[in-house]
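Here subunit A shows up in two complexes: once beside subunit B, once beside subunit C.
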Partner chain A sequence: MGFVDYVQAIIDGLLFGTTYSLIGIGFTLVFGVMHKINMSYAAASLAGAYCGLIGPQMLGLPPWSVFPLSIVAAGVIGYVIYLTCFRFIPLASPLATLMSTVGMLLLVDEIVVHATAGMPQNYPAIYDGDPIELGPFILRADLVGVFLICVVAMAVLLALLYRTRLGMATRAVAQQPVAAQLCGMRLQAVNGLTFVVAGLLGGVAGAMIGASVGMLSPLIAGTITVKGLIVTVIGGLGSIPGAIVAGLLVGAAENLFQAVRNVTERDIYVMLLLFAFLVLRPGGLFAAARGRD
Partner chain B sequence: MDFYYSLAQIIGFHALLGLSAYVVLLTGQVSLAQAGFFAIGAYVAAMFTVLAGWHLVPAMLAAGLAAAAMACIVGFPALRVRGLMLVIATLAFGEAVRLFFFNFDYQVAKGEVKVGPLGGEGFRQIRWFPEHGWTGLDVMLFVWTVVALVAGALWWLDRSRFGAVLRAVGEDELAAQSVGLNLTAVKVTAMTIGGFIAGLGGAIYAHYTTHIEHSNFGVLLATFAIAYPILGGLRNVLGTIVAVIFVQGFLVEGLRFLGDWRNLLFGALIVLAMNLRPNGLIDAATARRLARLFGREARRA
Partner chain C sequence: MLEVRGLVKHFGGVRAVDGIDFAIRPGEVFGLIGPNGSGKSTTVNLVCGLYAPTQGQILFQGQDIARVATHKRLSLGLARTFQNIRLFTNLTVWENLWMAENAPAHRAEAGFLKRWVGGRGNARERISQALEFSGLAHRADDLAGSLAFGEQRRLELARALAARPRLLLLDEPAAGMNAEEIAQLDERIRMLQQQGYTILLIEHHMELVMAVTDRICVLNFGRKIAEGTPAQVQADPAVRDAYLGTGA
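Moving on, here comes the complex of A and B:
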């Protein structure tokens, strides 16, 4: 393994890392408005990607229909999770929503295993053209497609948050829910819509993970949950730019670890990376001014 | 009858797992790392009895100490963060332990067969109980002696000065700090005690199943660990043990006739329970009502 191979590994990691960024943003968005972690988020995102497969497999739609169907399904699942795990549970009991979303994580996982009989499902690639050559480096065309779609999704989200009334309401609720309510915003509606938006992003991430891995298996959910949470922590809870940067960092680092060691060991080093951050920068890269928690 | 002995053993090591999370939860920390300590205990104890030929009891103590040492080391960085960040940090630690054992090979030839942990295939033939002619009843009595000792020690701890310190940190960190308690020391101590208990539980688990592998120690087990004290409430150790008996005896064994659907029902039940009783099955109001039923307790409260 020479220097070129390591740089190549980092490039591939950065391209795939955008999916981690999206999952991290989803966790962080919900944390931002409700100060709660939705543990079932990553599993629900992958469940959305599974739902997308219903289109071509059962309804006879063309293969590309997987992607929009996945995104819509994940948005719907996001709202269902809001209703079942957050809407009717008092915000004052922090353990309750944690437990309810862990319960939801187990439930979603089991439904997927049940529906697919535990078998991995093939997932169509986003684009299968020739790889792009860049000097000694090769850019995998499908990963470039994944990268571009994820970047577009992030751009749409940022535009939504900073250029629309809904975005302003979301940010207002995140800053100070009582004041936002006094200004006439409907807290429940904003919270619910945040779950839908996070769910749609998760759907993009789930579909892109499926497209770049080439298949979906129930085993992916646990890994993505932990990676997404690590991205959220490294980026700083509640920080969207932090989640984007941390997603790319984790993606690049994990691919580098994989090149240096091997695929079964790489995740151990990702966890150690998290612990390094906890020791040296407990608030994350872009910690909120309020400090850690 | 063997079925009931076996069930009692399962309840026994799950009770130890629940009690380990109980100690940590007393200081207000939600730790998803208990399954990781449980795994360390399981592998260490099994390696001592199978590879080194130790007696089970010293092997269990060694397993407990190994898990406690790990908990102490992890405690320092992890407990710098609170609340949800700690949940994530401990979840990541638990996964790291699981992945470590997924990659861990250490095989020794013993007669014609090679024994010892073998990565993804796990660690087979942990046969200390059958090799020493223990019957199901013996094992059950042994397991419950350990549970009784641990529960008794925690009961005593709860009534000691240190128990009050643990609860003070759990109730209000700021107030505890302002009366001069060292938060880090208290939390790391609780984590270490929890690690020791989880290590004992893991040691028993390894010898109960005779075959352990990394997938036994995933997020599901970590969820079970914190679910017991949360369901049973933090008033005393009995709540946790009652919750274990309820979950393992009734939900897991009693609903076996549902087959595959049981797993689906389990997640749904947690969601439902949290919607209906967000403060645990036995919350403060229920506890007071129960206490009034048993008059003596009410006067003390």
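Moving on, here comes the complex of A and C:
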């Protein structure tokens, strides 16, 4: 392994890291509006990707239909999670939604294991053209496709958040619920829509993870949940730019760890990265560094 | 315009509002005063829908709105300001006004996309008028949280006006203002009355209340103890007792 290989690992990691960014944004978006963590988010995103497989596998639709179906399914699942884990749960109790969403995480996992009999499912690649050669480096064409789609999803989200009334409403409701209601906003509608938007984003992430790994397996949900949370912590809870940068960072770092050590050791270092951030920058990348009390 | 009949609100065993009646006529500036804890703020919160009454009716233009959902009252024509300022501090001044001006309830006829994703186009003119009126035109693109205290108060008023209300509830708009700012507020309230707004004013600053209101309702311990013109209320012995204590 030489320098070129390490740089290659970082490039691949950055391309794949955009999926982590999306998962991190989803966690952060819900946190920004409701000040709650939705623990089931990453599992639900992958469940959306699984639902997409119904199209080609059972309905005889063309392979590409898996992508739009995954995204729509994840949006629907997002709303169902809002209804089951948040809408009727006392929000004043900080533990209630944590419990309900951890329960949902396990439930979603069980359903996926049951539906697939625990077998990994093949997932189509987004594009299978020739790799692009850049001097000594190689860009995997399918990863470039994943990267571009994730970037487009982020751009759409940012436009939605900063240019439309829905985006402003999500920020207004989070910050000043009383005045927001008196400005004619229904809190439940805005909260529900936020879950749908986060769900759609998760659907993109889930589909792109499936497309770059080449398959979906129930084992992925756990690691993606943990990495999504790590991205959220590193980026700072509630910060979307933070989640984007942190996703790229975690993607690049884990691939580098894998290249330097090996795949079984990789996640150990990713977890250590989490602790390093919790100690040194508990508020995330973009918060001012602060000493401990 | 607004009529309150037998309004009661209990919090546990506390009778914050204990059977209040009053009626505000269209085009009137109506004052609601009383010592601290007399039930003024609770009354306003009941009218704008933050609390549901224990008993009683709130008739707005003849319709009982006591059970109408909070977010729907804006489109009926009710808007308010808050004593403790409640702006969307992480949005700009312009966006704060846009949230009220372009409220989904105002556009119930529009489809989902138009309501939530639609552009800013036709709101611009009315919002620039509201900015002009409140003297905030030069701060339009600044974050609301970065405004000075007096500017935040004016933005609260501008946001309430942007909602196109028929009845404007002003909850202690003069709190924390200096004499010059209160004089400006006095002038603004008169201008709003001339423009045809009906106003319910809750205020501790007696000079302002006596100067701008047409009629006043005085509360004490959740009950109405007097109602009438500023002169009548000032002369009322029960009012003097409430403010100064019996035997003073």
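Just so it is clear, the second predicted complex is superposed on the first by the 286 of 293 C-alpha atoms of A that agree within 3 Å, B and C clash if a C-alpha of one lies under 4 Å from a C-alpha of the other, contacts with A are read in each partner's own complex, and residues count from 1 in each chain.
One rule holds in what follows: a residue touches a chain if its C-beta (ideal position, glycine included) is under 8 Å from a C-beta of that chain, and two chains touch if they have at least 3 such contacts.
This one's a predicted model, so the numbers in the text were calculated from it and none came from an experiment.
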{"item": "Contacts of A:Arg171 with subunit B and subunit C, given as first, second, both or neither", "value": "second"}
{"item": "Touching partner for A:Ser93 - first (subunit B), second (subunit C), both, neither", "value": "first"}
{"item": "Which of subunit B and subunit C A:Met185 touches, first, second, both or neither", "value": "second"}
{"item": "First, second, both or neither for A:Ile230, with subunit B first and subunit C second", "value": "first"}
{"item": "Dominant toucher of subunit A (residue count), subunit B or subunit C", "value": "B"}
{"item": "Touched partner set for A:Leu160, first subunit B, second subunit C, both or neither", "value": "second"}
{"item": "Which superposed partner A:Met271 touches (first subunit B, second subunit C, both, neither)", "value": "first"}
{"item": "Residues on subunit B engaged by subunit A in the complex (per definition of touch)", "value": "30, 77-78, 80-85, 87-89, 91-93, 95-96, 99-100, 102-103, 119-120, 218-220, 223, 226-227, 230, 260, 263-264, 266-271, 273-275, 278-280"}
{"item": "Contacting residues of subunit C [partner subunit A, same complex]", "value": "48-50, 69-75, 79-80, 82, 86-91, 95, 98-100, 102-106, 115-118, 159, 163"}
{"item": "Residue ranges of subunit A touching subunit C (in the complex, touch as defined)", "value": "160, 164-166, 168-169, 171-172, 175-176, 178-187, 189, 193"}
{"item": "Complex interface listing, subunit A residues touching subunit B", "value": "31, 36-37, 84-85, 88-90, 93-100, 102-111, 114, 222, 225-226, 229-230, 232-233, 237, 264-265, 267-268, 271-272, 274-275, 278-279, 282, 292-293"}
